[in-house]
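The structure appears below as structure tokens.
Chain lettering (A, B, C and D) follows the sequence in which the chains are written, and residue indices restart at 1 in each chain.
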């Protein structure tokens, strides 16, 4: 076998991808990959490659739950003769691979990083996680990654990018983690032909072209922030029913609640997903609620993604355009359309902004 | 979910294992009967721990859920014999609630040996000792409850899929209905009869419709009615989602039943709402007729102010004559299949479904019957539903909602449609509706004046499940 | 912050034999919030109680758990003790480790473990308990009695004689009810009028009884001790203060109609007095039969009087055609419903020829035929032709004990009055023949069986055991078709007169609805408890008596009337009512106004309450519990979906904590 | 990447084999050393660490997360000044699950504390200036720390007016301490209750806080206004301040948005782009005017 060379692009046959997954499992790595389950396409820890669904398309949930679990124990406590004794949760040091996620999901993890990396539990898992993304070969009607600076073959947050070819896959490591993941395999893999990578990118370009939604420039953030008191928000979100599907399917929503489970004798303090669409999210004990109406809560989500976050974190929108919230919303709330609508209604809008 | 957040009980059935059983008993009869057992020194297993309440009518069936959550292996609820209630009627109400809740637990596959009900009078110390013995034996046979909030083995259930009784309607028919809907909406707005028309309009995804609030006559042209006009718009008539002002709302047969129930529960002021019934050819889901539509002929209820069909707009709730072909309700077929399975497998089936619940509360958010301003799941003193998104919390939430819909759910199946985790809430709600139909001859959404089935009773209600 | 003391009783050896009481006390000491725990031989003894009281004072306890016997036994003892020590009695709980533990679980380890859990559960309950105090409501010292039959009369007199005001409302122009119609009463055969009239007169003269006749209770609002009754009095068109009951008006009156007091067997005038002894002794102009048909319907405006003969002849000028219906409102503390019974009528009697053949009469009609003051002067004459009746057939259980044609219940008095009827008939017509068809003879009163035997043996009344299938007329005589079940033979009996012992049914069913108290399936008032609270209803402050509650004879009615009076007096004897604090409460912020609680509450204690802004704008409607009426059963709380409803002393929070403790020993 | 790449692979090596991690949301154990009721529904606790570790440090205006194990966490501002920092004190009203549980605890029981979080009152910038503290109801609790600080550094500051108001006399916080405040030279304490809330023997002011403030006739020049109270009180107070021409930069208040983590992570306390838990809770009125109305 030849010496593996870093940065090399490989070409895999259909079966090779599956055997790679099996090999990773054989190394006692935890592999989260898309599977079909109860009519849902979801990411699950797989036990064998044949369960993996490599077909294009998004999973119902984003991969964030593998780094930021739905509910997570922060510590447990036990009352011993009147004094609580606290214990940290056991460490889980198994390396894990998010296999076959979409590039937008990988970008979503980068957004999460900017918020949650200061949490050691998240940071540890993030460190242990390698992201293998598959470039999109088609776009769903709700997709708008290109509107927020992403791409069907986006590389942000991706350690290894897989792109479909007519007869197989082209594989490329995009980070040291990705390199490390590919390193043991390089010897057995065929090097990509010249033009394979370009063909894959071209394909992604075609997908990008099929996304009909207009760009939402980062420069809109401040204008959007100024729209806070605009009555248009009441109009836009009149039909919002106040569930939290949008936040829970979102790859970058990261709000949580902290609550105790158990009795005063023993139990644990848990961090659980929460959502700005819930009334109780901001309601004071006194009953006062800064966001007393559903439209006010709905506005928070849009502005957080497109105004507050970019203004806090160097310009980029928090939204990665995966379209999940649009797809799953019971009443078809469309965050992209909302932003466009609010901006088109801003009296002081700069013509160029909206045209672009 | 793969992260180990389930706090499964690891207790195993050692030979010396003895069950713990919560007994919720009324003060006047059963508690006194248990005292009588003591006074006459009649021994019985120590497995049972009593909780005294004034009356079996005080027992919220969700206490049973709470007992299991707190580690009970079995629950016994006991009160006065019918006719003996200290408060005359409490046990009659209790009996209906228990029937509903028990049927829910059975359907979800909880081992029926774990839940028991009895009537034991103050003089029946002997009966108390015997019932405790029987219950203890049954719970001991069932073993430790280790799978509360989780499936102990894969369920591997495939539900039967029946053929649809009718084809997709002709596009021309739907277009005609849409046209009439638009005309009616525009004229209601133009004449100032309502400030809003609540209908369906195209959504962001192909083939999707969304609730639309039409305020200006010229916007009525955005309304559509097609086989994807799923949303039950009655959800916007009550509770936190209630639209203010006089509103005309488009309703299909199922939505009209929801409006009827809202009226029965005092949530609607009839004069504030113009109900526009739409002759419905059935809603389609992924190219199949929605399950609820198989047995529905599409005729709206007697409550409507207008009825719209392809033929035009009729004042009142006249039948449109467009009766659709019907077939057996697939939810019943699927439920029958589920109920043919062993309880443990059914439990695994539902636990797998609940495990995927993310507690987004979309089921609640779209439900016309979920109009509580402060849902019990949002209350923390006491904590009815654990906050954590895990098997325990999810089981509690789904049980609470199902029970709270019993006798009220009209089967619009919106909760199931919007559930991002594809939980078959429709089957649960349907099963409970059927139970109340069979037991109490009650059909939700048919009588705007009738008493809800759990708010009334008959002295001779069936009680075959009570010792 | 709870500071709970746990006191574990040995009960001599009763508990200590199978429960390690010291261990239970030690376990208690480890529960957060328990600041003191101990055990003692007899906690209920004076030193034991002192132990509890001292600990409360010295250690500032905020809650007490006594682990001992059943609360049914000593809860009052210890609640009293803690109250003496300055602690709210509702912060004391019993943990029943005797009846429900040591006496039934011989295994010491199991018993001890369970005792600790029972104790822990009580600790958690107390820890989440709140001090509760009884609420108080004032009492209006006036009773309303609805119905002026013997039941209402007796109740009114008892209450009035005890010193409280009574408003007695009677629908008819006179009090007296059905008893005034009776000829003689079994088993003593004293004259009904003779024993009733003095009571009626006493009512009319009683300074504390306000008698309102020709009147109905239209609406009752409020609650125990604080009702408000709206009474509508029909106009009598005769001024009671002027009428001397001379009767000139009736003589002059040209309009005759059947007299309802005589069950239609005689005639009266439009202006009339129901019977000579009527109280009040005042004539009444019956607008329905008066020739001046517009009397009631015209609105005091233009009216032509067709006939003014009564006014013309009345020397006192007591006739007032302009009299209008009157609304009388009274504040009331207690209400007694004594609305009585009537005889069954209608389809169920068709097979017996009632309504078809004039000589088929019901028992009340027969009473009038027997009555010396009745239409025949006490002679038994056939209504059809006024000829004496010689063969009389009495049919019992007509519509009673007959779910198909009438009612499943027994009317209780028919056996006795039929024996009386037959006996009186035989007294009047010595050679007459009396035949009684019966199913069973129910004569379970003092002197009753002897009375029936007398009818059978001394008066030779023929008793035939069997049902009557039908009554027809053949050749102008009635024929009763029946069967003798003892011989198994079908039987036909010719009769001049057939007397039906028809079922007693409630006279008025709308009163129960207006009082918002339940009735049974037949319209009889439902008592609060069939054994223990027979004259109370589920609504506090509303009592029932007489045949309105179910068929009964005069002695039972009078006894029950006094019982109802005594229950009403118990209420009226108080200036303020104390109500148990363990009742329902609504968190109005959470209530979603589905009002299932209102539907469910057997005591009508939950009301719809309008929440208004300062400017009077209606904000929302919520459920509210009237503490004066709530009994604390909790049926409402068990139904409340938003958990807005809770029961003080048995809150959801307490129950959850108890369940947790029972299962794990810990607090939730 | 460091040491040997074992069979477990590079990722494992990257992560190392470190033991369990500690959550930043894990609290320090504190014992209740004293507890008392300020008003019928406001309770104060005095806490001391259970461990022998370093003393708790904070700045006036900073807050902490206080927790009852089994009930959860609640946010309170430290109610005492670090200049009196041998204990941590907090004051709260029983409104929710946690505060009710906290209220039920006894002296000697142990709770959780983590913090301090947020910014603090700019006490240094107040040196030499006259100060007005205006606290409404439970809001006074948040002003106690800076007030104590100022009293403990009395010489550094000018004239001090404390305006403490509540719905009724019984609801007035720190009634026992106010006389001591008033005894400090140059400190003027004004107590007020809403109309109808006075008792027969009441010798303080009667009137809504903004009105009483206006009656005091304090001139703006260089005077710092430090205030905390219910949203509706602040709304009218700001109107009064505007009328009296107080520069918004000289008015300081705290925002009380709901918080869970205290670290800017949980996402609920934001006012526009700012997180109250990190960028606040202390804001000048001038800064608030630039924020969306999301509090």
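Assume contacts are C-beta pairs under 8 Å (C-beta built on N, C-alpha and C of every residue); 3 or more make two chains touch, one makes a residue touch a chain.
Computed from a predicted structure; not experimentally measured.
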item: Any chain in contact with chain C as well as chain D; value: A, B
item: Most centrally placed chain, judged by C-alpha centres; value: B
item: Distance from chain D to chain A - Cα centre to Cα centre, in angstrom; value: 37
item: Chain centre separation in whole Å, for chain C relative to chain B (CA means); value: 40
item: Centroid spacing, where centroids are CA-atom means, of chain A and chain C in whole angstrom; value: 70
item: Whole-Å gap separating chain B and chain D, where each centre is the average of the chain's CA atoms; value: 45
item: Multi-partner residues of chain D (at least 2 other chains); value: 70, 96, 109
item: Junction residues of chain B, two or more chains touched; value: 381, 383
item: In chain A, residues with contacts to at least two other chains; value: 79, 82, 257, 259, 263-265
item: Residues of chain A that touch chain D when the two form their complex; value: 27-29, 74-75, 77, 79, 82-84, 86, 88-91, 93-95, 115-116, 118-121, 124, 127-128, 130, 176-177, 180-181, 183, 225, 228-229, 254-260, 262-265, 267, 269, 271, 274, 276, 281-286, 288, 290-291, 300, 303-304, 307-308, 311-312
item: Chain C residues within the chain A interface of the complex; value: 30, 32, 589, 660, 664-668
item: Residue ranges of chain C in contact with chain B within the complex; value: 70-72, 96, 98-101, 103-107, 110-111, 113-114, 117-118, 121, 526, 528-529, 538, 582, 589-590, 592-596, 599-600, 602, 631-635, 637-643, 647, 650, 652-653, 655-660, 662-664, 668
item: Sites on chain A touched by chain B in the complex; value: 30, 32, 38-40, 42, 44-45, 60-61, 65-66, 69-73, 141-142, 238-239, 241-245, 247-249, 257, 259, 261, 268, 270, 272-273, 275, 278-280, 294, 326-328, 330-332, 334, 337
item: Chain B to chain C touching residues, read off their complex; value: 20, 22, 31-32, 34-35, 37-39, 41-44, 46, 49-55, 57-61, 63, 66-67, 70-72, 86-90, 93-94, 97, 129, 239, 265-267, 371-376, 379, 381-384, 404, 451-452, 454-456
